[in-house]
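Multiple structures are listed underneath, in structure tokens.
Next come two complexes, and both contain subunit A; in the first it sits with subunit B, in the second with subunit C.
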Partner chain A sequence: MPTRNGHHLDTSDVVIVGAGAVGAACAYYAARSGLSVTVVDRGAVAGGTTGAGEGNLLVSDKEPGPELDLALLSARLWRELAAALPPEIEYETKGGLVVAGDEPGLAALRTLSEAQTAAGVASTCLPADRLRDAEPHLAPGLAGGVLYPQDAQVQPALAAAYLLRASGARLHLGAEVTAVLRGPGGAVRGVRTPRGDLLAPAVVNATGTWAGELAALAGVTVPVLPRRGFVLVTEPLPRVVRRKVYAADYVADVASDSAALQTSAVVEGTPAGPVLIGASRERVGFDRTLSVEVIRRLAARAAALFPVLAGVRVMRAYQGFRPYLPDHLPAIGPDPRAPGLLHACGHEGAGIGLAPATGQLIAAALTATPAPLDAAPFRPDRFVERSPA
Partner chain B sequence: MSRRRRRTPAALVRARPEPAFEISLDGRPLPALPGQSLAAALWAAGVLSWRRTRGSGRPRGAFCGIGSCYDCLATVNGTPNQRACLIPARPGDAVTTQEGHGHAGLAV
Partner chain C sequence: MPVSPSDTRGTVHDLAVIGAGPAGLAAAVTAAELGLTVALLDAAPRPGGQFYRQPAPGLGAARPRALHHSWGAFTRRAARLAAQRAAGRVHHLAEHHVWAVTRATADPEHWTVHAVTGPDGAHGPAPELTARHVLLATGAYERQLPFPGWTLPGVVGAAGAQAMLKAGLVLPGRRIVVAGSGPLLLAVAGSLAAAGARVPVVAEAGDYGAYARSPRALAAQPRKLVEAAGHAATLARHGVRLRSRSAVTAVHGTDRVEAVTLTRLDHDWRPLPGTGVRIPCDALAVGHGLVPQLEPATGLGCATRRTPDGGHALVVDGRQRTTVGGIWAAGETCGVAGAELAFIEGELAARSIAGRGPVGALRRRRDRLRRFALAMAAVHAPRPGWSDWLRTDTEVCRCEEVTAGRIQDAVTGLGARDGRTVKLLTRAGMGWCQGRMCGTAVTHLAGDPAPAPTRRPLACPIVLDHLADG
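So, the complex of A and B:
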């Protein structure tokens, strides 16, 4: 059935734009709800922020609130997914260890973990003299830490790819969406790509850091901004770091609104051998210039936390752009300004972890079935500026 | 026939190296010439493998020979993951066959 302006390529119940972890999870849960699904991406699977992260599935770094609820639901769903998907996704229930360098830092960490406990997060406080039982290579002199057994990890690109494959969705890669098609009443009816039109009564914006561009094609705003981060990759090592280990100031950095460079030590091993070292945050647009200063700081902080790393070679560094929304919550759900358009974007550095719950929320919205949790805090139109009364 | 026998790399460039010195592989003495990389000295001594892969323990030696492929990693004077094709041989250098990543001692 040819259309007037582009030839018809595909018709399905929903078109998902974005083949990262969030788009893959939306495809998976939408397909399981009985919908026919098409996924389109201008690049490759996991070619954006998904492929530029560490694949963390964390509850430890979230303060009680809607994001933590989303993370706890996702943690349960990732366990189910790990049983359903092949072992290549490298799902590891390794646990997280947050360490504090001084007594005030430890007191703040304990206050946070107590509040998290009330929200359903499991944790164990470790005094200074037990830290090195948990992580033998940790530097001496730390004040203490908190263990979070629910923290886990996947290989993010493989997890997204296998999730997408398991969804059975039709996939159009290397096809950039150039227009969001609207019907006579303004309702969304698909997207246009250079290869042809993908028609569907619902379009999901899962384009992560680039979600503002797709929203603009539909005539709405979603104020996603890029927040750059670098990861250092060491030479392959045996298991030197057992868990995800990070300094307590990381939580404050994640929650910060500053545009200036922030670095905190985040260190973890991988099944493949290399240790991954993060985390930096800075708002510099989509600048991909390698920053020696960031890399220097990350390496120094990691070696301060794990002195053994000072004698280990860093093979390479990579960078990515977290999709950052002003209130640090993702945008998930239907957009009342453009009927038929849904958003699943703005997960900042937690998109892999939050992907399954996001996918379930989107599937519930698409099928008008009850949502697994209250999606109101994630309303995509919450940033609309209210004109003075 | 005698001309053919002399078609060695050193002969082709009419090299007149200084006297050979001694290095070792796993404690076995081997000769090396000044200016030779460790990989060249090992090859000249008929040694093709000085590392075993971390996954399945398969033998590895020099592949690209120009520092790009990292296949020729060896433990040199106790330091693992040195590219044998780039490091000039020095008198007394002790090369040891590297097992996997060469960092087994760091495991916890």
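So, the complex of A and C:
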């Protein structure tokens, strides 16, 4: 129905803002629950952090707790999705291998893996002399490691694109949301874009690193901040790295609250041939200038872990900004401060992995059906300072 | 006595110049003559850049100047460079490929230049070099647009053919069609013909008639007209036909080029049906003008502007300063405009950095030549209809073998809207050339109305170990 200013009114059950991995998964599960879905993005599909990430679907790097529960559910859902979506998403259950350089490191790693086992994570301890059965090119002299068969991988941009396509959602690309529309009583009733209003009784904020700005349009705060990461990409190689291999200190880096630079060796092969080398974490805002310090460290650590990589050419480097919340947990679910608004954001360095479970939680909230797991730890309004009234 | 490269360790140069083409060369000698200490880095073994590429000494080329206009402008500066090197004021670091420039950790007012040495970086990392100012004079590279058959052996870049000729004095074939767009095609055809090749035709997709319609910018440039007239005379002498508003829309041959189809174009470069003619040849030299080389500028955060031919160039002020304090730029990085302007901008930048000498006259000449370049770029700018040449099975990205059809699918079926998301969804532009070859085409096929310049934090591939311990 044409409106006064000539735009067509676009009405659906839910508008999802953000066409990254998280928005795509929300669209997929919402549509499967029978809702009519509209997805809007100011750019392209996967043009945000989803296009700057690596696509690991990890359980190995998470300590027992709500995020691990989310990851385990997601791991199961990704397996289902891999069967339902075309092979182009490059889903691989290649497993993760975490290695320790010394005995104390290995002891800590074992303690972690035991705790993870109790939460449902499968793993096998590998003594030093069996590491190279798993990864023939690993450096000599490592103390040992733990193998995690549930760790998997997708190509994140393709996974998001095919998820979105499979959802059948109506797509508006190149349309920036400039306002969240509120009805009488404050209930959300859609969003405004330069191309017209998109109306729905529910709006999902899946804008990743920019989620704070979208929340502000609805008058609420969600304190998402960018945490920068660089990735190095080598020339295509025969499969010299089979799994995702990383050093045990990575887990500590992921959980760290420091704004300062952290780097640990994270190395993995891809089906297309190039080896990806990460991972750095630093809070420097949206600074896009190249940090030679960071990429030098990444290079040095990767070569220390896989000496065979020393003579390989790095073709390119890229960076992205992980959507980071102060307690390292995402915000998932309805926002009681703005009825009709739901958040699905702040997944930091695990948004690809955690996307399906996030999508299921959002779909459950939208349809008022039971959630697959307890969503309370992800409540979007948990950061609100309570006034001492 | 020339100073050896290792002597640069520990010293802070007043100026590091990246690129020893006309712009960098002019800047380095001017700055040194004004008393600055200068490091001049270039990936190539000898100074001269694109235009004044010299045959390797062993080839015994008697008269390299025969391939060049204004050879004197170059040799005079090369002689001044030799004098400044001898005096120890310029460190010429040849075969230094700069992969990044960053703020120095020790002093944020200084810059660190990171380079690898030797052909393809084979000789390992260079010692880090520190400078108070950096001038980016990294020039440009040739723009290619795909068409059916462009991957067949015997199809070469026009600039590449010229470079081969200048550096090694070899011809890509004996009967060579020259095609594409831009005034360089005339120069290329002239050199190929002068070196003994038969050039049956130069096919220009743009409309040379358009020059007659912007007489003001042209009339202000008598030298350019003389240059063009020189090319025209050379072409006439060798019996080369110039066909405006025409393009090679197919290449024929099994193992290599045997013929091409030349087709008339409409104003938007759409092929006019029924106008194709087959022209036998054994090579095709093709190019669509030049694209400014923006690495390492974008890694530094220097602002860019759109150019009339749909590319990006660095934003500089009246003194050649970029938007990042301490970083300057000159020559083709600021927009493709020819060697004469590159010399002027290099000199202007050096004077500005040294804070010495009059710059008003230089700036006026610069502005005049820039205006001319803008008018020229508009005439030869690729028009949207070029993609009608493509078939769905035409390879657009050669490195990753991505066809036009797959790019179309990513756009219509998967939600790509720009070069970056097409790359993520198809791998187009992820290969060895990092999209330098296919970037223009991919961006166009993605339908991006306002593309951003491609970011390449590393200006060239680097061995992991060299990165680690540089």
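Please note the rule applied: the second predicted complex is superposed on the first by the 379 of 389 C-alpha atoms of A that agree within 3 Å, B and C clash if a C-alpha of one lies under 4 Å from a C-alpha of the other, contacts with A are read in each partner's own complex, and residues count from 1 in each chain.
The working rule: contacts are C-beta pairs under 8 Å (C-beta built on N, C-alpha and C of every residue); 3 or more make two chains touch, one makes a residue touch a chain.
No experiment lies behind these values; they were computed from the predicted model shown.
> After the superposition on A, what does A:Gly273 contact: first (subunit B), second (subunit C), both or neither?
First partner only.
> Which of the two partners, first being subunit B and second being subunit C, lies in contact with A:Pro184: first, second, both, or neither?
neither
> Which partner does A:Arg313 reach: the first (subunit B), the second (subunit C), both, or neither?
Both: A:Arg313 reaches subunit B and subunit C.
> Applying the document's definition of touch, where does A:Pro140 land relative to subunit B and subunit C: first, second, both, or neither?
neither
> Could you look at A:Leu158 and tell me whether it touches subunit B, subunit C, both or neither (first, second, both, neither)?
A:Leu158 contacts subunit C only, not subunit B.
> Of subunit B and subunit C, which one touches more of subunit A's residues?
After superposition, C is the partner touching more of subunit A.
> Name the contact category of A:Arg239: first (subunit B only), second (subunit C only), both, or neither.
The first partner, subunit B, only.
> Of the partners subunit B and subunit C, which touch A:Gly51 in the superposed model: first, second, both, neither?
Second partner only.
> Answer with first, second, both or neither: which of subunit B and subunit C does A:Pro370 touch in the superposed model?
A:Pro370 sits against neither subunit B nor subunit C.
> For subunit A, what residues appear in both contact lists, the one with subunit B and the one with subunit C?
Residues 235, 312-313 of subunit A touch both subunit B and subunit C.
> In the complex, go through subunit A and note every residue touching subunit C.
19, 43-47, 51, 157-158, 161-162, 164-165, 171, 173-174, 232, 234-235, 272, 274, 277, 288-293, 295-296, 299-300, 302-303, 309-319
> In the complex, go through subunit A and note every residue touching subunit B.
Touching subunit B: residues 135-137, 235-240, 242, 273, 308, 312-313 of subunit A.
> Under the definition above, what is the set of subunit B residues touching subunit A in their complex?
Those residues of subunit B that touch subunit A are 54, 81, 100-101, 103-104, 106-108.
> Spell out the residues on subunit C that touch subunit A in their complex, using ranges where they run on.
100, 102, 105, 112, 114, 296, 299-301, 410, 413-418, 420-421, 424-425, 427, 430, 432, 434, 455-458, 461-465, 467-470
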